[in-house]
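The structure follows.
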Amino acid sequence: MTYIRNAWYVGSWSHKLEAGVPLAVQILNDPVVIFRTQSGKVVALADRCSHRLAPLSLGRCEGESIRCMYHGLKFEGDGSCSEIPGQDLIPANSRVRSYPVIERHGWIWVWMGDTDAVDEELIPPIIGPDEGTYLLGKGDIDYQAQAYLIWDNLLDFSHLGYVHPTSFNSTETWGETRPVFTPLPLGVRADRWVLDQPPLFGDQRSDQWFTYDFLVPGILILTTKTFPVGKAEEFGMTTPPDDAAWIQNSYSAHAITPLTDGTARYFFTFGPHADGGTEAGRDAFLELAFTAFAEDQTFIEAQSRIIAQSPGAQIMPTSADKGITLFHRLTDKMIKAERESKLEPAA
Amino acid sequence: MTYIRNAWYVGSWSHKLEAGVPLAVQILNDPVVIFRTQSGKVVALADRCSHRLAPLSLGRCEGESIRCMYHGLKFEGDGSCSEIPGQDLIPANSRVRSYPVIERHGWIWVWMGDTDAVDEELIPPIIGPDEGTYLLGKGDIDYQAQAYLIWDNLLDFSHLGYVHPTSFNSTETWGETRPVFTPLPLGVRADRWVLDQPPLFGDQRSDQWFTYDFLVPGILILTTKTFPVGKAEEFGMTTPPDDAAWIQNSYSAHAITPLTDGTARYFFTFGPHADGGTEAGRDAFLELAFTAFAEDQTFIEAQSRIIAQSPGAQIMPTSADKGITLFHRLTDKMIKAERESKLEPAA
Amino acid sequence: MTYIRNAWYVGSWSHKLEAGVPLAVQILNDPVVIFRTQSGKVVALADRCSHRLAPLSLGRCEGESIRCMYHGLKFEGDGSCSEIPGQDLIPANSRVRSYPVIERHGWIWVWMGDTDAVDEELIPPIIGPDEGTYLLGKGDIDYQAQAYLIWDNLLDFSHLGYVHPTSFNSTETWGETRPVFTPLPLGVRADRWVLDQPPLFGDQRSDQWFTYDFLVPGILILTTKTFPVGKAEEFGMTTPPDDAAWIQNSYSAHAITPLTDGTARYFFTFGPHADGGTEAGRDAFLELAFTAFAEDQTFIEAQSRIIAQSPGAQIMPTSADKGITLFHRLTDKMIKAERESKLEPAA
């Protein structure tokens, strides 16, 4: 599996990045150090001193810079080396790679591709945890599995009735019915009603409306609204009106970042609408999410092990895989275009 | 090392396979799920759903079937897929491999090769733990070593005096004398007297008669009888008469299954003859076996590490290796024949 | 990285090698067993029985020999096999490799190359822990990193001010100034004054004189003397006279042995001059060394991980790397000569 490089990957939570404390991560196999400077700016550099390849994440933040604490070379936010102790000459190859970085919606987004192609507009339109509409809990999980297996899990909710029957109270209706998938320029939209279902909390059955966008490079934005049984039909089995009174309204944003070819970090928020929502409700949602996502993790890590033990084994898509197929077709095309753009002679 | 595929490998104990509880194993690198259906039949399937390669061993047994609990596909004992939730069409490539399986002598035997070649007669004539003649304890050990190193250990008992001097009270006579090896159609037979030896239990020295068959694909069947000192000579140093009164008579069956190229599972029974044997005696035998087999494991796992550290190192057979040489010659020939049979055009 | 083979590598401490207790080590990837015979001689053999490749280090020392405790083959100090139980013929290929070995200066030195090239004079002129001039504590550390990264660390003390500011009280002067490097036939010499520095112990600032030889195949011999501030200038910023009164005089010998391509064992002694030195002082030096060397280890193991994650990444030498460059140039030349000598037809 190759991953798109011209994209924003979530490297960290905003709130976990303390000023002056470098954070080591891997993204798409690249060792990256992320740090917040004295002035509050976030910087992402190759986590590898140009001198002897020691990690800058063991270094010391100094103002807007970071100093390698092996032999003292100092680097600026743009990756340039500004000091080599005991030496006046700063050679050109002393520069380390600097990754464009944007702090938005509670996350630190790192651009892993060509700087020529950087496009701030490509950051997905997420509702961040502190943006008010929803009361959102925050979680993250490290996976011993390929990121794309987690993406595929999220692109096919037919697993809910089998993997989450008790945590999310999901029924097998999830597997028996199909959502409507709509291709998006940078992803796939899935909309569906699931009728007369047990609720997440309490005991009032409801018609449930799920709509999510799954966007490059592995971002899920999900809204769920539940209504009294019968409302789905009343709404013509299509998108409920914005002003329709719901029983429950929850929101969730997920970002699954490939750390290496075989590992991933899964960042997510989850919680109820601020209207009628409470902090206790938010915490209950989050606890539920951790329970259910651990169920996914068991399956996906086991799936990853079976794949490793089965050279040559092929998947067999079913009609439930339409979202997965659309999304992979899109990313394959984007990866191909990335490759070809590198082969073009510069204008 | 290549292993024979047209053979029955022990995948599990019978008594450990509860109805409705799938068991994950690897045999010859293949992930396999073994389960007992509602009607009591034992089934072995590739532990890999045809859909997205999740392990069926995380699935749910339903009557005679197993359902993948990732997206709900259901599989029958013959490997056919009988249900894909939300989809009427069952494609031909939805089938998973079904391995022939026989439950016998307390073990679950799995056929890893061509179904055309299945032959129930190839299951070795073991005395099972519940078959009455002997009171047999049961044990198993997981090895971080190639199965064939364990086989070789069992094909050359000259190690007993060096590896098991205190556990089995074995003397260096084991290394100084040689058994008579006789080729069998599917293995090697070893017979020997070891004279005037200390006993396993108590302090009465004895002449000891050991006879074992080591059979494809890694099955040892061992009988030991001890007699008063002098009896070996009286019996002409050959097989003691069946009705000759013994002091001790014990039996042991061993099955060493390659899990992967570098790991193995060792199943064994061990215990005294029912005539005069007691449950306490059986337990004492089993405890002794665990002690001695841990001594073997220390050596064989260390040997495996040294081999990994020594690319190109060759073994140097001694005259003690006759059984090993005969057995490897046989299996090499069988593996070659298996390969050639695959190259033949179908009639 | 290839390592020189025609050299003496430290395989063990003398005092840790009890007579009759075989020690398993790896040196340059070779499994080696070292043992002290009944007569006190030290022997190093390939840790791999010629029969079935079991480790001789699990064997039993018998007089001047070692017996493999798998099937009982016995080996002499020269690697010849002197006994195969149950067999009169001792084949020529039963011999195991014997490594020349010398016990000197508290260490066991093992020659890993051609026996034709053995040269006792190549053992570096170390002061051993029991040779009186210094009171030397002894330590060793196992590294999950390539030996040459540890060598490079010792060949460039500019890291002291960054890695050891609190343990060794080192200042950034170490990075801002450079030693004088002098090529030696089998290594590199570094001499330097560091002026007006805080002391290791107490609070008297001093001018500090450091001189070390770093010798093939990874041996550091370091002497440090401190003098009242101003003395360096008085001595013309060059080697202080032997009879000049010092405040502190310490000595340290280090041997870094590559165990495998990616692991190493670091043996060291450290302590004050016997004149005025005390056992408590020696213990304080040793404790300090362990603290500081753990700081190095953190950096070097992290550097090793970054290198593994960064295929193709190149180092960028600075002017602080002169010693490293000189030493690698020397060893590269020696390795090339070793290779070429193997290609020459024998005279």
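As written, the chains take the letters A, B and C, and residue 1 is the first residue of each chain.
Keep this in mind: contacts are C-beta pairs under 8 Å (C-beta built on N, C-alpha and C of every residue); 3 or more make two chains touch, one makes a residue touch a chain.
All figures in this text were calculated on a predicted structure; none of them were measured in a lab.
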Turning chain A onto chain B with a C-alpha fit: angle in degrees, nearest 5?
120
Copy pair chain B, chain C: interface residue numbering same or different (half cut):
different
When the C-alpha atoms of chain B and chain C are each averaged to a single point, how far apart are the two points in Å?
48
Shared-contact residues (touching 2 or more other chains) in chain B:
none
Given the complex, residues on chain C that touch chain B span 26, 29-31, 47-48, 50-55, 58, 67-73, 84-87, 91, 93-94
Touching chain B in the complex, chain A uses residues 152, 156, 158-159, 161-163, 172, 175-178, 298-299, 302-303, 305-307, 309-310, 313, 315-320
